[in-house]
Structure formats: C-alpha cells, structure tokens
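Once you scroll down, you'll see the structures, which are given as structure tokens.
In what comes next, chain A is part of two complexes: it sits with chain B in the first one and with chain C in the second one.
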Partner chain A sequence: MNYEWIIFLLLFLAPVVSSIPIALTYKSKEWTEKLPYLSVFGIFVSVLMSLYIFFSFPENLPACRFSYSWIPGTGIDIVLITDYLSRYMGVITAVIAFFIAVYGLDYMRGDYRPSWYWFFFNLFTASMLLVVYSDNLFLLFVGWEGLGAASWGLIGHWFRDDDEIAYVGVPKRKVGPLELSWPPSFGGWRAISTIRFGDVPMFFAIAAIWVFAGNLNISEIEWGTLFVTIGYAGTIILLLCFLIGLFTKSAQVPFSEWLMTAMTGPTTVSALLHSATMVAAGAFVFIKLTWYIEPWELAHIPVPGLEHVYIFVLFVGLISGLYGALSGSGMLERKVLLAASTMSSIGLMFAAAAASFWVGHFALLVAFWYMAVHAFAKASLFLVSGHLIHATHSRFLCGGLEFGKRMKTPFIVTIIATTFLVGIPPLTAYWVKSGMDEVMEHLIHPLGLIPLILLILTSLVYAGIMAKFLSLNFIKGEKPHHEHVEGGGLMKLGYLMMVSVLIYILFYLVLFRKEEIPHEFISAGGLLTSFGVGIAILACYCIALYKPRISALSKLGTFFNDRMYLPFVNDYILPKTGFFVSHLVQDYGNRGIDGFFNTKVMPGLFERISKGIRTIQTGYLTNYVKIVLGLVMIFLVIASIGGMWI
Partner chain B sequence: MELAMAMMLGALAILTLGSIFSFKYRQFGFYAAIVALVIGLAACPGRSLYYGVFIFAIGIINLVSLNAIKSEIKGVDYGLVGLMALATMYIINTSDLAMVLAALVLVSVPTYILVMIREGGANVEVGIKYITFMVFATVLFLIGAIILAYTKSLPDAGLLYVLGYVMLVLGLSLEVGVAPLHEWVPDVFTSADPIPISIIASLAKIVPFIAALWILIYTANSLTASITIFTAVLAAISMFTGNIGALTSKEHARVLAYSTVANMGYVLTCIVVVPVVVVIEQGLVVIKPEFIYLALAGGLLLLFANAAGKIGFFNAIKGEGAYSPLMYMLAFSFIGVPPLMGFWGKLFILLSLVEVGYIWLVALLVINSAISIPYYVRLASELGIGWKANLTNFICLAVVVITLITVVPPDWFLRGMEVLAQTISIVI
Partner chain C sequence: MIMLYFLLLPLIAVFIAPLLTPKRATYLSSAAFIIPFFSILYCIFKGNGCPSEIHIMNFSAPIGEIYLNFDFISHAFGLTICAVSAMVALFALPYMKHRFEEMKRNVKSEFRKYIFLYDLYAVSMLWLVYSGNLILLYIFLELTLITAFLLIYSYGYGNRKWVGLLYLIWCAVAGVLTLAGFIIIALDPLNNTLALKGITTVGMLAWAFIFVGMLIELPVLGPHVWLPWAHAEAPTPVSALLSPLTVGLAGYVLLRIALIDYSFITTYRMPILAYAIFSSIYAGFSVFTQTDFKRLLAYSTVSQMGYILVALCLGPFGLIGLVIQYMSHAFGKSILFSSAGGIIAVHHGLRDINKMGGLHDSIPTISNAAVVGFLNLGGILTIGMLGEFFILRGVVDTFGVNTMSLAIILPVIFMFMLSVWYGFYTIRKVFYGKPKDTKRLEISRYFYVPLFIIGILSVLLLFPPLSTALIPGLKAVIWTFMGVGGVMP
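Up next, the complex of A and B:
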C-alpha cells in the first residue's frame, strides 16, 4: 500500500483548504453565507478518510507506522500511526466535528464574522486530527499549537463583548475586590495565556527527549532506557514538564479557570472543545504516551521516579474530578455547569490512565473508552444547551415542563445523554465506569481506599449535576422570559446524530460484545460492587431530578458556583504577584536592566560600532586600498607567526 | 571528450555567436543565452540536477531583469550573464583545479563590465573601484589556491599551508565582500545601477564559495582543524558588521549592501565546517562526508535565497517599488522564517556547526538573524506598494516562487548534496 499519504493529506488538509475560500471572501456577505457548506464538506472528507483508515489501515506495529521525510538533517520526520488508540480517536474526532459543523450551519447563521469562525473551526479539527495520528512528538506539538491558536480565535470569537449572553458569570457581581464576570475577549486571552504557560515546559520536555533518546517517535522510544539514563530526578523533571502541558490543556487543577471562561465562545466551539479536541487532547496524549511507556512492564527496572509521577497524576486527576463535580453542583449557567462536569470527567480519565502503572493495560482502555462515551454525550449536551440559549435567549438554566413539552427533541436528547453518561446500569457509561471502579479497587493494596472513595464521591455528585441540568432546563426550571421554539432543524439534526452514537456504542459494541471492546467491561459490570455503585448513582440522579436546588445549601452552592474562589488565583493573586515583581524590578532592578539593554551599554555599543563602520566608508578608493592592504598584511603576518607556532 | 563537456563548449559557442549577432539584432543575445543555459542544464549530471535547475532559474531571471535597463552594450550583456551562469553550473561537477579556477575567473571577469552598465553611458568610477578590488581578490585567491595545491605534494606543509589557507580565504572574502574587507561593497552597491548589482549580488556570489570549498576539501590536512578558527572569526565579524551596518543605514541599496556582507558571513561558516571533518586514520587523510553535505546544502540554499532576495529587492529599487506581499516574503526568507528557503539554508548550516562543535558560532548566527529582522521588515515595508502588472513584479514573483520551493522540505536537495559529498571523498 503506497497511496496512504494521499489519505493522510486529505485527512489533515481537507478541513483547512476548504475553509480558506470563506476566509478570503470575508468582505462578501453573499459568499460568506454560501461557503460554510464547503467548510463542512471539508470536515466530511476527513470523516471519510478517518473511516477509511479505520477499516483499511493496519493496526499493529510496525505496519501501522507511516514515516515521511520532514526536517532533513535532524532525524525529525512526519511519522503517523494508525494503532488502536489513533484509529478510534480519529473517527471520534472527525465524526463529532462533522456533527457539530452541521449544527453550526444553523447556529452560526447571521453571525458577524463567519469567515473567522469557519476558518478556525476547521483548523481546530485538523489540528486535533494531527495530534491524534502523530507518532512523532514534534509533529504532535505542531498540532498541539494549532489547537492553542484555534482555541484563542474561537473562544474570543465575539471579541466585541457587546452581548451579555456571551459572558460568563453575573455582570457586576463582586466578591471582595474581584468582579466575577468575564467577557469573550478575556476568555480567549485567558485560554491562550494558560495554555502557553504549559506549552513551554512541554516543548522543553520534548527537546530533552530528543537529546536523551535520540528519537521522537512515541512508539519507538526506549522509554525504560531513557528513564534509567536520566535517573530519578531527571525522570520526574522530564515528565512533570511534559505533564504541565497536558494539565493546562485539559484544565486540571489548578489550571481549570480558562475552561470556565472559555464558555464565552460560541456553543459549537464549547461542544468541540469539550468532547473531542482541546481538553480531550491532554488526556488522550497521556493515554497514548502511557500506552507505549508501558509502566507496568517497567516494574522490574529500578525507575523509582516513575511511580511517584503516576501517583501524582492519579491524585491530580481524582482531585480535579471531585473539584469539577462539586463546582458544577452549585452552578446555574448552562454551559459553565457542563464545563465543570467536563473537567471532572477528564480528571477521571487521567486518574484511570495513571492507575495503569499498577493495574496494567486494562486501565488505559477504561480511560480511553470513558473518553469516547463522554465525548458523544457531552457534545450532545452542549449542542442542546446552545439550542436552549437560542430558544430562551438566556445562558442560565431555565425551562419548566411546559417548555420541555414544546422542546421535545432536546428534552429527549438530554435524557439520553445524561443517563447514558453518568453510569446508570445498564446504559453505556455504566460498563466503562464499572471498569473504572474495578481499576480503583485494584489500587486499595498499593495506595489505600482514598482513590476509590474519591471516584465514587465524584460519580455521585456528577450524577446529581447532570440530573440538575435536565431538571432545571426541562422540568423544574423557571419559566423563560423569552421563548423561541420554532426552527433549528439542522441544530436538532446535529445533536440527534450525536446522541445516537451513544446508543450505537451500547448495543453494537458493549451488549453484543464486539471483540474490539474488552470483555472485562462486561464482567466488571456484573460485579455486585459495581452494580451497587450504579444503583447509588441512579438514586443520586433521581434525587437531583426531583430536587435540583436545595435552598438550605444555597451558601455552599454559591461557594461552589464561584469555583471555590479559584478565580482569585488567576485574576487576583497572580496579577498582584506579577505587579509586585514588576514594581520590584521597576524600583530596584530597572536602572541596571534598562541601562544595559535600552539606554546605555547596548545602544552605546551599537552606536560606536555603527559609527566605526560608517567612518570607514569615505568614498575614496585610496583609503579603501590602504585599509584592505593593511588588513591583508596584518592577517598574513599573524598567519605566518601562527603557522610557525602550529 | 565526454558528452557533458562537449555540450558546455557548444553552449559557449552559441553564447559567443549570440553576442556577435546581437550587434545587429539585440534580441539574438537574449535568445542565445537562454538556449545556452538550456544546454548547460541538460549537461548537468543527476547528482547536481537540482543545483543546476536553481542556477538556471536565477540565470533566466537575471537575463530577463536586464530588460529593465537600456544598456549601451545590450545584447553582449546577455552573453556575459549567460557565461556566468554556465560557469556556475559547471563548477559543481568538476574536480579539476584548473577548471575550478577557470570557472572562478569566468564568473568574475564579466562582472567588471556589468558593474559599469548604466543608462546612457558607462559608470567608470564605480568600475575602477570594483575592478581594483576584484583583481586584488582574484590574485590572492589564485595564489592561495596554488600554494594549497602545492602543499599536497609536501610531506610537512606547515607554515606554507597556513599561508595558502589564509590567502585563499582573504581572496574569497574580498571577492564576495566579507568584513573587514568589505569596503568596496556599500559604495559600489549604492553608486551602480540596481540591475547589474542584482546580478553581482546574486549569481556572482556562488562560484567563489564553491571554488574555495572544493580547494579546501581537496587540500585538507591535519592542520585544517586548527586554522578554521581564523575563518570562524572572520565570519562572525562579517555578520555583525553587516547587520549593524544595515540596521543603521537608510538608503535601500546601502542596506542591501550591508545585508550582503552579513549573508556572506553566514555562508563563510560553511568553510569553517568542511575541513574540520578531515581526520587522520592510520596515517591516511580521510574526509568524513557526514557533515560536508549539510554545510554544502546549507551554504548553497542560503546563496540561492540571497540571490532570490537580492534580485527581488534591487529590481524593486529600480522599479520604484514592488507588490508588498512579495517584498515581505523575500524579507521573511532573508530573516529565516520557515519554510522559506533562507530558513533551510540557516538551519543546515547551524546543524553542521553543531556537529563540529562550533556552538559559539551557532549562537552568534542566531543572534545576528534576530538583529536583521528590523531592517528587512523596514525594507519590505518601504519598498512594498500595490499590485501592478509590470516587469518588476513579474521578476519579484518569480524569485518568491524560488524561495517557496522549500515548502516541500528540501530533503531532495540534501540527498543530492549527500551524493555529491560522497563523490568528493571518492576523488580524494
């Protein structure tokens, strides 16, 4: 097979190339109304290519690795991989992006800058596909940066900040010195600044891998040898640097704030951001890396730093999971509630993947399949949320049973998506979550009960917030001030297609036991403990459905709604610290720094050299000849002396 | 006589006839030069085909650009540029010292006449200034080359080798304008007509480097590694002098003159790399080709990028501006923004320097690339205007296409240079 490069080229370039016409015709209203269809078609081509790869390309090494020359002389090549993880994730990413794009045709109609939106939306998709299929870490990093740039463009899409509906938080609501309200322009800036903070150490980690391993292909690097070479401290520093990139992108504690304020972007962006790109990218890369590091196989090699790193990731994931779920329980903004729940889910993915250190390969499959189920469910919920915002012209949870009856399709989709996601037996996520319960049970021996307790707590609260979302939007919410329930055909089509995949996964892969899905999911689901947890989740879901708000706990809810005051770290403590440092520099260090770089030493040096260079240029040939002859003579004399000495 | 040589001689004959007939019909010279270049390209062997194609393209663009000036020797000037391009195509394929030096002279001498071309007369003052230094440079270069060739037959070359090396490098520096022997460059670049200068700053810079590189490789011995520090210091001085000079100059042609000084400093670093890989194994001199191909590829790509940029900018000066995006593309290539050609040239040179341990020179090259950003951007912004369908924009578009070729990563070029480097070691 030697045509595979055409497939890859179409996969990555079709979304980008198809969005260039709309980007170039940004001044023409007529063209910007028509060309979104071309952009969507570009993503559809990616869907076809990802499916073709899924069905036709090899899955096992080394046949599933495709290498093309890229940066000559460095050993850095374009290396793509179609292994188990990439082939599934590629299809998930492309399909979800396509469904959202179809929805976006309706949702973004009449927007004030469609060219900007479609170009970055398609770039976002292409970048994630690059991350998914890259085996080479440097190529992966290119896709990674593409995600960052596109997320900035999309989150800050409504950069004029002229519509309150795009804000996050209640305008003018202050807590202490801080106003807990964020406009879109701020959301975009915050996303890119947080992500850049993580990308820099990640880049250095990749450079260090290149130096020490001499190879950047994830599936080829001798990870065990690398860790032994760089030792205990080296392993910890290297992996932590890499992980900061993943944690910031996946909005894990304490880098989660950008994700909440990212809800200032269009809902389609939120849907893509939370399901198959961006936040999922961090967890996916960790799963992929661990897949090839195989830490459970390295137990016989003395690499003590590795276990500490995996313990760290496990607890960051579990704490993020609980933090996200608790924060979501107090939230009343549709999209921000879903954002908090995403953070929670991603935390669980990290935790499950990290547990592979003790449990082995199965833990990675649990993390990955939870990611897949979560992606379709969460994307469905976001798309419903966007439709509700259109219909009610409110970003806050509202809508009673009457409203629910008039919005039957989103109502039903929300029921399916939430129940299939939280882990109610025997629905889709139940099987995966049972696997997760089993994984955490395995950790009782090395790490005690805490991981399992944190997981169960998170799952219960998570079920509650999903039920709250359903209840306050369609059953027990306040009557919306504005109702516009007509239309939205393409929007409905988008989330109907999305949610139907959850049913597909349940029936055709889990219940009919397709061999690609590990049979351990079924056996884990059959365990009494898993069933017990599932019933507890169902109970929490039902209670929250019946009683979505508890007035006695309103103060605690507000505390959770304010993300336990974590925004103070981002918006108050960090800026204040920065200003303090800059004042120190201004008052004490600036004279020296400024004098050296800006006013005295460097400018003086430049001026003197420049003057010297210009002074020579008198325009007289005789002067030039004298200079040149003199210099040649001097050089020859030096060479003669040096030559004798050599 | 081998076929390639016969084709080259045929091409030279066509050039000569074209130049003669151009006294009657001027366009004869132009068409004859194009035919000669096509034959020259056909004579290029597979290993240097990409190199030949680049020289062919640069030669054609130089020929076309001559149409922007009403020269008194119109017709012959085409022949002179054709001759330079043919010699440039030929030099990479020869390992004969006499032919290498002949190619150097064939490229150098036509520029003595070209530099004097101006509309309605001859620029004699510039010509004298230029020729004085070129003659001096050629003499130094030739003596240095001959001394180096002579040392090959000596069991212990010692001082003579060092003197030969220094003379060759000084000759090269004077020829292409490496600081501190660059004094003629700003004056000639600002006083002469921009079109002939675009040829001198592009096509004429390639052969001296290849000639020097070839001679140094063929004559390398155990002393070479010790003496390369001289070239490294010279390269560093040239980078700083060129960039600071350009940064603090206002006249466009003068900025480009200093930019040439800086670029020649970058390319000179290739000379630093190549001889370092000469090692003695069991009493025999062995050329290790691992890094030669990197340095060669880097140096040539940088020379091509320099040629493309200089042609574009000088033509823009002549045409009082060119299409703004094209100007910016050329500026970005000069700065070294990926994936333009200037980036790859610098990258390969940096990689080869890293391999041979000249890390301080790598740092200086990177710092100098950063220093150059403001003046290239300023140049692009001042010379950039709206689109007009004229000769200037056509030429600028053509050179931008050349710099964009490396959007496809130049592994293909590198592989060609690798093959070439292996043939060098075989010859030795």
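Up next, the complex of A and C:
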C-alpha cells in the first residue's frame, strides 16, 4: 500500500475512529465532556489530509484516479478521484465540518446525548468526503447512504420531543385538519423516508449503468455510447431515476418538505448537513456527472432524450429556486427561513449546471463556485442563528438594534454573510452570480427568456429575505423576552472563521486570478446587465432592510410561510393513502386469510367432518348393523346396475 | 476433513450442554457455533484450498451418495447460521431464565431441556445447508420443524399450544410437499439419485411440488398466516432463529433446485415475480398497522421473504442477491427480535407498540441495536446494500430499461422503499417521542452486546476484505451452475 492510500484512509477513517471512544463511553459524564475534543481532532486530521490532497495530488486524468480492488471481476471497486471538483469540494467539506465542530464544542455542551451527536456528526463528515472523492458509483452510493443515515440520526437528535425550542412551526396551530408543527423525531423520520424515496431509484439507475456501460467509474464510462445504446426511453428513465435521488437529497420541489422539518435538529447539524454539504451533495453529484458526460460535446452524435432531461433539471432547479425564496419571504422562524433560502440556492446550482448542456463547461464552474460561496455564507448564518437561539431562547426572528449592539460579532458576521451571498457588487457572490446571469442569457436563444426572468426574480426575492433575516434579528425586530449575551467564545470563533473564508474567496477570485478560476467571472461581472441586476439586488436588499415586514401582505405571507400548503401532500394525502391501504390489507386481507385457514373456516370444516364421523361412534350395535346393511345394499345396487350394463 | 469435525462440534454440544449449568451450557453452545464460524471464514478466504465436499457414505439408488457440500453458497448460509445462533444463544441466557421464572418453573431443569432443543434446532439448520443429498436435507428440515415446534409448544406465549400445532401443521404440509418433489426427482430415470451433484434434471411436476411446499415455508402471501402467530408467540430466542434463519432456508432449497434446473423459473417467471412483488408490498403495508412488536417484525419477515422470491426469478445476479439478502435479513431480523425480547424482559412483558414510545431513554443500547437491525433490512450501509444492488442488477439484466420494463422496475423499487419506511416509522414509534420514564435502566450485557456483534459483522461484510473474498466465490459457483460466461476466478 503506497502513501496515497494512507492519506485516503486517514481522510475517511480519522473522523469515524475518533468518534468511537465517545460512543462507547456514553454512560460516563466525565468522559463525554472531554472526548468531543478527540472527535474534533479527527475532523482536523481530515482537513489536513484534504489540504494535502489539494496541494500535492495530481489533478488530471488518469493520474488523479486511484483504484483498489473491492469485489474483483464485478466493477465494484474502491476508486477515488482527485480532479478539479473533488479537490476543491473536499477541502470545502472538511474545513466547514471542522469550523462547525469547533462551534459545536460550545453549542452542544451539556446536551443529553453527546455520544450520539458526535458519532453521527463524524460519520456524516466521513460519508460526505467519500461522496466527494469517490469515482465509483457504488462507493459513492455507500457514502450517499451514510449521509442519509447520519442525517436521520442528527435531525432526530433531541428525540424526546419535550422542548418546544426544537420544534418547527407554531405548536397547536391548525390549518384545516393538519397541525402545522413538527417535533424532532418526526423530522428525522420524514427526512429518511423522503430520501429513501429517491435513493432506491438512484440505486436502480446505478445498477442499470453497471449493466449497460459495464463499468461504474464516472470518469471512465463512455456516456455517449451508453445513452445511444439504451435509446430515447432508456436514457430518460435512467437519468430520471438517478435524478430523483439527487432531487430528494437536495430538497428540490416537490421533495422540499423534509428540509424544512429537518430544522428540528441542532443548529450545527442544520449548518453542516442542511445547508453547506449534504443537501448540496445532490447538486454536486449532478455537476460531477455532467462534468464527465460533457453533454455539450455530444452534440455531434445524436443522443436522444438528453436535451429533454437537461431542460427538466433546469426548470426543476429554477422553480425550486423561486419557490424557496418566496416561501422564505413569509417565514418568521430563523432556521426555517434559512432552510428555504438554502433550497432556493441549490435550485440555482442545479439550473446553472443544467445550462451547461447549451453553454458548456463554464456553466458547471458557475454552479460549483456558487455552491462554494453559498456553503460558507449559509453555514455562517446558521451558526449565527444558533447562537441567537441560545441567547434569546427563541427560534423566531427577534432582536432590535439595542440587542444588535450587544451582540456585535454575530451582527457583523450576518452583515458580511448576507451581503456577500446575495450578489451585491462587488462582493464575492456578485462575480459568480454575474456568471450565472450570463449563462441564463445564453439560454435565450434555445429556450427563451423564462430562465433568465426566473433567475432574476429569485435573486431579488432572495436578497429580500436575507435582508429580512438581518433586519429582524438585529435592527427592527421585537425585543427578545430573554437575553443571554455572555459567553459563546467558541461559537463566535466558529462563525468568524467561517465568514472570513468568504473574504478570502473574494480575493482569490478577483485579485489573485488563479488559473483554475475562470477569468470569465471577472468579465461577466464587468457587463452592464450584470451590474444592473446587481444594483437591483442591492435596492431590494435595502428596501427589505428598511421594511422587513409588510402588514398589508400578511395573508400572502402566511401562505408562503405554510410553504404554499405543500405539507398537505406529505402529511395528509400520502399518509392517509398509505394507512388506508394498510388498514385494507390488515383488516380484510390478513384477517380474512387468517380466518379462512387458521381460526374459522378450515378448522370449522375439520371440526364438522370429525363430528360427523364421530356421530357414528355411539356404541349401539343396531347403529353399526344399520350402517353395514346400508353399505351392503348400496353395493348390491351398484353391482346389479353394473351387471346389467355389462 | 477437518471441516467435518468443526461441524460436528455443535452436534456434540447438543448432548453435552444439557449436563452443565445454564451459564456454562450457554457458553459451550455459543463457542460450539463460533468455532465453525471461524473455520468457515477461513475456508472463504482460502477459496479453493478447502475441500469442496466430504463423502460420508453411499446408499443404493435412488438415494445415492450422502456427502457434505462445501461450496460458497453453503458457506455463506453456514456463516450466517453460525453467527446468529452463537449470538442468540448468549442473548437467551438471561431471557430464558426470566421466562422460566415467569412461567414459575424450575430454571435449572427447564434450561437443560431448552438448551438441548435450542442446540439441536440450530445445528440441524447448519447441517441442512451443508447437506449434499436431498434426503439428508429433508431430514434436517423436519428436525428444525420438530425442535422449533417443541420450543414454541413448551415455552411460547399466549395460546402457545395452539400456535405450536398451527406451526407444525403448516410446516408439515410444506415438508410433505417438498418430500414428494424430492421423491419424483429421485425416481426420474435420468437422475436415479438424490445426491445434489448427481441430479441433472428436475421435472416440472417435481419443481411444482417443491415450489409450493417452499412457498408455504418461506412464506409468501396466502400461506403467510402461520408466520405472525408463530413468530409472535414463540419465546424470543426461538423467534430470533425462526424468522432470520429457518424460513429463509426455504429460499436456500429453492436456490439449490434452481441451480440444477432453472427452466421452471424461466417458464413461469412473470407470474412468480408478480406474486412475489405483490406479496412483499402487501406484507410491507401490513407492518404499519400492527400493534404487537413481534407480530410487526413477523410481517416484515414476510415482506423480506418476498425479496428472496423476487431474487430467485432474476437470473444469475438475482441468485447472488438471494444469498446476500438471506444473510442481511438474518442479521437484521435476529437483532430486531432480540431487541423486542429485550424490551419484553426489561419492561415486564411490554409488547404493545401503542404503549411504547420514548423507550430510548430507558434502554438506549437496545434502541441503537434496533436501528442497526432496521438498517440491515433496508440495506443501508450493511451487506444488504449489495443484496439490493444485485437484485436491481438482476432486474435490468432480465428486463432491460425501457417503457415496458417499467411495469416491473417501479414495483421493485417501491418494494425496497417500504422496508425503510416501516423500519424507521417503527423506530420512531417505539423508541422516540416523549418518554414516559427517563430513568436509564441497568440491563444485562447479554441483552445488547451479542446484537452489536451481529451488527458489526453485517457492516464488515459489506467492505473488504470480507466481501472481496465472499462475493467472487459465490459468483463463481452460481456462474458454473448457470453456465454463463465461463468460470470466474
């Protein structure tokens, strides 16, 4: 085994192994207070390894692919890749996980089951790194399932459902037959059931790729040949099955509900899983796949159906983007608002990546860099809102200017994170968003104006909700009932580090102009249209900052806050149908079959026959004689008839 | 030859264990299965280095040679049986003591009877999968039936005598039908033997008898009604062998017959497949409305056995899927039944799910074990993942990917979803939510350590080096039998 594999083993196993001690000593309060440091150290090892990979591993194929035999002769192998996407995403994942883990040391202090939390947190980090670095689809899926399991464990962390602060929605608030309030244990179940809805089709798609491509390595599969082999219907079925997995994980419409109720988990979990990494994994895998499918290169060979699939992804992304932003505009819960905006951002990533079908490679870079910027910004915001929840004992937006002055660090961090994220010139996201504007402008020719309009609308509303978050937490919100502003040193450290990366990326993008970063970002940012959109975003941001709540629109706001009644599909129609079927099956099917074979019909039949036979056994000789005589008579009759016949 | 001695160990333990104290008897029984477990593991790693069969004796036609068959399929099943039997034996120590006290019987003397039956039960399953002759296989099949019947009859819950008889009758019918099939095979002049390696053809009639018999044993929708009774009312260690190991052995028998002659399956593939998928989904839906925890698990078994029947129809990759699905279900369900048993023992006979909720607080270890169990059923991060993957591959191999095949693809996908849905639904209902009592109970280590060992094994089996050794071996055996693409290394 050469040194590369040692690096990889450390990268994946350090977080898992370092969290085993705390899982084993779950009974001892003394140990569970100390051992989180070991878990964080494990993640730190991963950070070092990911940086080492970033700086010293090869970037280009085939040298960047490392393969180790898993199940020989089947194509299921441990294949890792350190290409452009993986090396960046690996560092992003590990660094964000590390910052959040540091924050978590403070945030989770005194929790009732630290062993569970740290074990799943670290399992999650390892799984995410596996998804990022793996080239083999089966290996990727192992990581993918790890994400799902860890997400379930962490969302339902406060399984007792006894603290209102961990709920989503206003308790006892009913809309029609449905109570729009969700406890943590329900959030966990809903997350894993939704994700499972996507995972199995995706697994099927991987199996189909395995059959038709004869290979499971993303970078090695001849995608064009594969699509031509399976034809129009095959391509569409295969890719749709695969995409359902990505859409459910990334909470795109109509699978977005689980992400909202996932906010019942600890805030660190929301920051890491439900904004920066896991939900972005869907978009990331799509980018990675498209990176190697190279649909823009396939234009010369007719690949049927591919274009339709990409149009589909584009519109799912854009619609999710708008849906998320609009829903967020009506929300008053800190984390749920951020969750809706996350969903919106990921929609935009999908849309930009899908546009690569017409635009080419550049669109993928736009999607990827938007993901990176979003990850750091949104994670900072989540961490801030976690701190605010601790400080105010409320999960609803609250806090006036006076409160903001006392909480200077989170205030400043929120200002930086929101402005850098929404696309105000010349801050970080502006350059990436300009790239996105340009990509959507390219789509005017094949698809018309709609994508561009949807993008701009989403961006404007998005700027509004970010400003609303800032305003209602620090400037114009109500005075909190409870203020606890002291302490939280590690928490502050966590989000300060997180937000500083945004500034670093800004310089990295604009000033250093590294070769790996496309200079198109800069030229796109220089365009007048992009600048115009940027100014419009700034205007929206300022308006929302000044007037975060508009009472005239409160009805519309409630409609948006209730996610346009999408919960009814998840919580009413689906379970009602399911339980109807299962009652049908149990009350009629099982009871009927049971009654037939085991309890009523068959046993009854046996009983009757045996009773019938036993009635003969009376003991009276006359009875027996009668029976014998009767039989003899019957025999004689048959014999005589038979004799006549012959 | 040394393998034979390892397999004889548990058989010897059957007769020695009753002479010892409960604790020692338990350790002996457990060790008697752990040692063969490691020898099987050794054989799996050694590959062709181990003998592929051991001759025992010759009978005249139509019985033929009696021998033990040591291919990878038997090893995979044997490995599972050894691991689960050893661990459940440990779990049973405090549980059965508790049960005997509950029944107001003398613990020591009852334990002797119990451990004898338990060991005999487990060892007959182990020998069943290594039997190279159908008549030997049949004998062990009946032996498992009788021992399990006696265990239910003597130590079960509720209306245990009635349930025991119910189980006996159903499985006796299954056994007789299967025997009829075996006899038809033996009397076929082309075979004139019951030695597995000598049988060249299985006629449609013989297939039909065996198939129907094994459908009852498996069971699928229709005959499945015996299973919830038996699994729910059996003493939990017996449930923890009955559901994971015994019923799946029907799948093993079908697999062996299918490897000899696959024509029955290819002829009736569509009806069988449709029935299997329907049965699995039907049972999956039944799980949601159960109120008795053990009964719930029993319905989940019916659903999982549907997977096995689906896998049987899907060509060579499906057959690998069948073996792995058996293993994964066995690991998962033994953990789950044991955790149900843990709840019964710790919470004074608590089985009603509506009275549960928030149990994680009082018994976190059992709760976590149950999570691992359901992960196994759902095929998440455990060996079950490979099983699902091979079954899905079998679907694509058999039907392709086009608009027509969607009629099969979508139900299979739905079938796989259901297991995770009911699994985590149950976990939430039983272990999470508002706890009634937040006091953590001190429970015996026997109640959870064996379960975690099974759980860890099920995870390890997914990754190298275990899967690296096991799966290619399985593939080689199945490929040789099915005559596809030459012999794999």
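Here are some notes:
Just so we're on the same page, the second predicted complex is superposed on the first by the 574 of 646 C-alpha atoms of A that agree within 3 Å, B and C clash if a C-alpha of one lies under 4 Å from a C-alpha of the other, contacts with A are read in each partner's own complex, and residues count from 1 in each chain.
Assume a residue touches a chain if its C-beta (ideal position, glycine included) is under 8 Å from a C-beta of that chain, and two chains touch if they have at least 3 such contacts.
Every value quoted in this text rests on a predicted model; they were computed, and no experiment measured them.
In the superposition on chain A, contact of A:W70 is made with both chain B and chain C. Touch criterion met: A:L631 reaches chain B, while chain C stays clear of it. With both complexes placed on chain A, chain A has more residues touched by C than by the other of chain B and chain C. Judged by the touch definition given at the top, the superposed model places A:G176 against neither chain B nor chain C. In the superposition on chain A, contact is made by A:S640 with chain B only, not with chain C. Of the two partner chains placed around the shared chain by superposition, neither chain B nor chain C is touched by A:G110. When the two complexes are overlaid on their common chain A, residue A:V585 makes contact with chain C while staying clear of chain B. Of the two partner chains, chain C is the only one that A:A207 touches; chain B does not reach it.
In the superposition on chain A, chain A positions 69-74 are in contact with chain B in one complex as well as with chain C in the other. Those residues of chain A lying in contact with chain C across their complex are 26, 68-74, 76, 78, 113, 138, 141-142, 145-146, 148-149, 152, 156, 159-162, 183, 185-186, 188-189, 192-193, 196-197, 200-201, 203-204, 206-208, 210-212, 230-231, 233-234, 237-238, 241, 578-579, 581-583, 585-587, 589-590, 593-594, 597-598. Taken in their complex, chain B has these residues touching chain A: 128-129, 132-133, 136, 140, 158-163, 165-167, 170, 174, 180-181, 183-184, 186-187, 223, 226-227, 230, 240-241, 244-245, 247-248, 258, 294, 297, 347-348, 351, 409-411, 414.
Chain contact summary for the complex, chain C toward chain A: residues 166, 222-226, 228-229, 282, 285-290, 358, 360-361, 364, 375, 378, 380-381, 385, 388-389, 392-393, 395-397, 400-403, 406, 409, 412-414, 416-417, 420-421, 424-425, 427-428, 431-435, 438, 462-464, 467-468, 471-472, 475, 488-489.
If you check the complex, the residues on chain A that touch chain B are 69-74, 606, 609-610, 613-614, 616-617, 619, 621, 624-625, 627-628, 631-632, 635-636, 639-640, 642-644, 646.
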